[in-house]
Amino acid sequence: MKCFKSIITALLLAAISAPATAQTSKPAEVDLGIFTFTSGPGAAYGVPGRNAADVVISQINASGGIGGVPVKPIYVDEGQGTNAVVAEFRKLASDSNNQVMIAALSSANCLALAPVAEQLQLPTFMWNCDTHQLFLKDKYKYVYRTNSSTVPEFVADALYLLAVKPNVKTVAIINPDYAFGRDAGLIFKQTLKALKPDVEVVAELYPKLGSPSFNTEISRLVAAKPDVIFSNFWGADLENFVRQAAPRELFTSSQVILALGESVLQSAGTLLPDGVIIGVIGDGWWKSSTAQANPQTKAFIEDYRKRFNEYPVFPSFKMANTLYTVKAVYDKALATNKGRWPTRDELVAAAKGIKVDTLTGTLALREDNDGLVDQIVGVTQKSSSYPFPIMGKMVRYPADLVTPPVGTDPIAWISKLTPTMVANAPKPGSYK
Amino acid sequence: MNPLLSVRDLHISFGGVKAADGVDLDIYPHELIAVIGPNGSGKTTFLNLCTGYIRATRGSVIFEGRSITNEVPRTITRRGIARAFQIPQLFTGHSLIENVMLSVAAQHGIWQAFRPLSREAYRNKAREVLDLMSLGDIAHGPTVNLPEGLRKLADIAIALALKPRLLLLDEPTSGVSTAEKFALMDTIVGVLRAEKVTALFVEHDMDVVERYADRVLVWDAGKVIAGGPPQEILRSSHVLERVIGIG
Amino acid sequence: MFTNYVPVIVDGLVDAALIFFVAVGLTLVFSVARVLNVAHGSFYALGAYLSVVIGMWLTGHGWVVASLAALLLSPILIAVALGPLIERTLLRWTYGRPEALQILVTFGLFLVLEDMQKLIFGVQPYSQDTAVQLFGISHISGIVYLNYQLLLIVLAILVAIGLRLMLKRTRIGKLIAAVVADQEMAQTIGIDVRRIFVLAFTLGVFLAALGGALASPMIGVAPGLGAEAIVLAFAVAAIGGLGQIEGAALAAVLVGLARASAIYWAPELQPVVPYLVMVAVLLVRPYGLFGSIGLRRI
Amino acid sequence: MAYSGPSVCGAFDMVVWQLLALAVAAMALPVAVPWLGFVFTVAIGKGLAALGVAMLLRGGLISIGHALYVAIGAYATAFLMLSIGMNELFLLLICATAITMAAGLVIGAFMARYRAIFFAMLNLAISMVFFTLLSKLYHLTGGSDGMRVATPTVLGLTLDRAEFDLVLQFSAVALMVAVALLIDRYLKSPLGEALTAIHANEVRLEYLGVSARGVILAAYTISAALAGLGGAITAVAIGHVVPELSYWTFSGQLVLIAVLGGITGVPGAFIGAFFFELVRTFAADFAPDAWNAIVGAALLIVIFFLPQGLYGLLQRVKTRKARL
């Protein structure tokens, strides 16, 4: 058996004659594998993500790149399906200039890529992968999430709902049919159960991601006559849902929560009445006072607007903030190395526990590699200065209020929440 | 001597047309029977019924004392009845000898997944049959663009390779030039006699019938209206006018 | 337990109407050319895309009501542009060849058309719901429905009747029927079968595109529309019996109602319902509700 | 395209050489370009499934639902690891294949009643039912996020990933050769030739006393097993299984690969798979939005100009050489 193993190692050395990982001399360019949807229903977020990356990278390169080295993005379309995505990931991993990956919009893809990244010992930053299952069972050294998880995102929505509508009785849920939607359904229900035990869920629908029509589901929801309808639809699904539900008076017959609603304000927001609860699952709201106070952010928004003639949506910020985090990680590693170019291992070491000022607030990477981000929630509000509604009556929930502490089981943590939490949380309108 | 095949009161009709309207007949071992009758009188339908390609609404078919009424073609073939077709039914993807080898293999276990079809034993058996039918020299060629006469022979060769005890031939000489006809029939009948195969063949050409048949059965409107030795049947004015249309 | 059946039936019929347009086109083409066109769904998608684009252009220029015309104009454009072209080049080549080959050729066409859409229209979803707004809403048993949805039901019925009359009454319809019945016979009595094929295929393309166009005001038009539409159309066509127009209509209603009921009472089952119906039907009637197959002459 | 082809297509040993050539390529190239190793492993997985599809095509049966068995094989692997903690590579491959084979036998018993388009559509329907179940039974299958497949041990050894990938790559290559040779023998046996005969003339076959259904059921079960094995390899190679494995477009891809490669000889399926995976990999770099169009066009070109597929092209070159 011993010899069997040594044979394998021999073959291995033969096979991987030029080990990609041992790159320490300063490269000609910093290649960044960036995984995002440029096709399929996910493209509705993937493309704003890629656009943001283009803007940020040109900004970074304009100011001397990373450690004086220009950054070159290599985009991979997640729309090819998980198998192809994994193949592409392995392929990019063998490029010695590519020391860091920015991976996976869809939770299916990041759940698949995380172990691969670990096996290939390739620092990987999950830029828009919310599922709390990412770090639930497995511990990773090389995988970080530069983003909040489903738990804080939807606990925040429940908090906001109970703040504006304390006597809610019946709730209906319509979410996309995969981890993101299912988790959100569970988390939202559990949180309400903990914060207001007498709430009853009258309908739960999980239509397939990317369904072109929700008309029958809409009839079903209206027929159920719930006080509140919660949905974490996103991308094309969200836009379709809004366009199909608005004329059928769903948004006036029930209090609707669109957890990712900000991303349709510019495209379909005019269909929404005032007072629909919307979120950005994070702090990526371009008009927030924090964002507007930061000149770098204003520059980003301006470039973005010039190039794509729309304002950045929150997925754009998730990408932008991730890129600035990666830059910060490189800078930190370079500093500790006194300028010597860092190895992949030195990069993950640098990422551990780093706290970065992002375009829209701060991002901290905890010891469990998960990201800490504040949660902004608000309601739709007609605006005199824009042709589309904006967010009003906002709250910025601090990350540590809504995020389960390191090492706790999220669902268990939720069930321990008490109604007093609502009273102690910041109030709607407390954030501009 | 008891009959090899005996058919009683066989009925079927397609949309009102009675294709078999109480057919009764017996075939005795080593006979060579010709079936004649006007188009649409139910000759081919009778073969389809005997071989289970279609199901009779009434009646019975007994082969070697056991009923094969409304069995499927597969079962009936296994019982020892082979059939050749008016439109030759060949495996166009295979060479001629492979066609016959499949037929040979069909008897000794098609269910072999790892020994090749084209093994010596099968090859020889197939070879024999093809030589008998004097198809030896085109054995390895494709079956697709053979002339009709050879296709007919090939079709019959496949049937014979099953070593049947009763062979049903559907218009063996149709589509074959008058010149070839007798050569074709000589070959077929030669083999039938040599192999001691009882046979029934549907035929339009009265010369062929007169020359080869031991007995003639006359079909009309799904019934056997007359039967007997060729000489007397083909002389009966009644038959002549009903079948051949001479007043 | 939810016990108000009216909305279930309304939603079911709306669904059925949309399915019908695609399925009937598929089944019509099959009945004439004996080809199962995998790319049929792409015509549905193209119809949706084109009508949305034209509609947006018209509304952009202030011709709001005119944008309704886009719903009819775009299917005609697509049918005229693609129907004859594809029939004469790709499809004609597959006639009389093995089904496997026909399916493959049309599958290749499907792949090409899918990406053509991406290249032309991009990957972002389009929406253009002027029609919906124009027709307003009505309340049925306490639920708001778009009059446009109800209009779809009417349109589907009209198209079904129209097709029936066309095939039974008009000369061209009789010719098509003759080809469907027996191609060789039709040829021998001097019918220009090739022309009939072009006509039938173009009509099929038109119906698919019409389905897409009519659906477009109520849906988000995005990549992947065709792939979804075609499998559903397959199921419906198979349930009804390939080549059977009445069959397609009945099957569409069956599937529509089944899917609606699923959403009301067993949401988790909704996506699998059409295929369950199909398997169930084909178990009992191997060639579909109205389908049958003749013995081969030997 | 001649489904039966010249049914003594190339002498047995010629097929052996072709396969060995493929095997060498699949092992040598990755030495130069490491990431190709993974691409080839996945390609062999697809190749096995495509071989199953190609077999059926020889019988004139087109299945646009064979991804079903790839998915069964893949998910079987995932479940075997998760639920009963089976963790030995070769054991996993064997069991997953056996399970898929059983599924193929049961479903095949029903499928064998149908031909032509109805066969195609029923396969489609059943695969779509399975696809929906995989996506819907979220708490069992992880829904559309799929399931994790950990790195199994090899002959009791726990290898680190790089080592495992290499072992898997070599095992896959060995499996490819072994399985292909078995299938080659089968296709040339009475049972295999009867399958081709069904496509040419089923009625005649019945008139030889052979049960066409039986022949088809056998072929269907074998092809399911092949797809299952392919699925299992894909699952351990990628380390993750998703419902898309059973979506109809993937079934279409398998048929496409089979025809691209050519169905007149067993190496065809693998040639097709390697070709397809390489095209896909490069297309993903140079024309990410158009790779479907590229493979689609490639398919049409092959159908129109190389009716025997790439393998047929290979044969033709050979024979031409022979003539000179």
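Going in written order, the chains are labelled A, B, C and D, and every chain counts its residues from 1.
In this text, a residue touches a chain if its C-beta (ideal position, glycine included) is under 8 Å from a C-beta of that chain, and two chains touch if they have at least 3 such contacts.
Keep in mind the model is a prediction, meaning the values are calculated, not measured.
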Common touching chains of chain C and chain A: D
Furthest chain, CA centroid comparison against chain A: B
Whole-Å gap between the CA centroids of chain A and chain B: 76
Mean-CA-position distance for chain C and chain B (Å): 49
Where chain C and chain D are represented by their mean Cα positions, the distance between them in whole Å: 32
Chain B and chain D: spacing of chain centres that average the CA atoms, whole Å: 43
Residues within chain C bordering two or more other chains: 118, 123, 268, 271, 298
For chain B, residues contacting two or more additional chains: 53, 85, 89
Where chain D touches two or more other chains at once, by residue number: 3, 135-136, 199, 203, 289, 291
Complex contact set, residues of chain A against chain D: 1, 4-5, 8-9, 11-12, 14-17, 20, 38-39, 75-77, 80-84, 86-88, 90-91, 93-94, 107-108, 111-112, 115-116, 119-120, 131, 133, 177-179, 182, 206, 208-209
Of chain A, residues touching chain C in the complex: 38-41, 43-44, 47, 79, 204-208, 210, 212-213, 215-217, 219-220, 222-224, 235-237, 239-240, 243-244, 247-249, 253, 268
Complex contact set, residues of chain B against chain D: 51, 53, 72-75, 77-78, 82-83, 85, 89-95, 98, 102-103, 105-107, 109-118, 158-159, 162
Residues of chain C touching chain D in the complex: 36, 38, 90, 93, 98-101, 103-105, 107-112, 114-116, 118-119, 123, 227, 231, 234-235, 238, 242, 268, 271-272, 275-276, 278-279, 282-283, 286-287, 296, 298
In the complex with chain B, residue positions of chain D that touch it: 2-5, 7-8, 182, 185-186, 188-194, 196-197, 199-201, 203-211, 214-215, 218
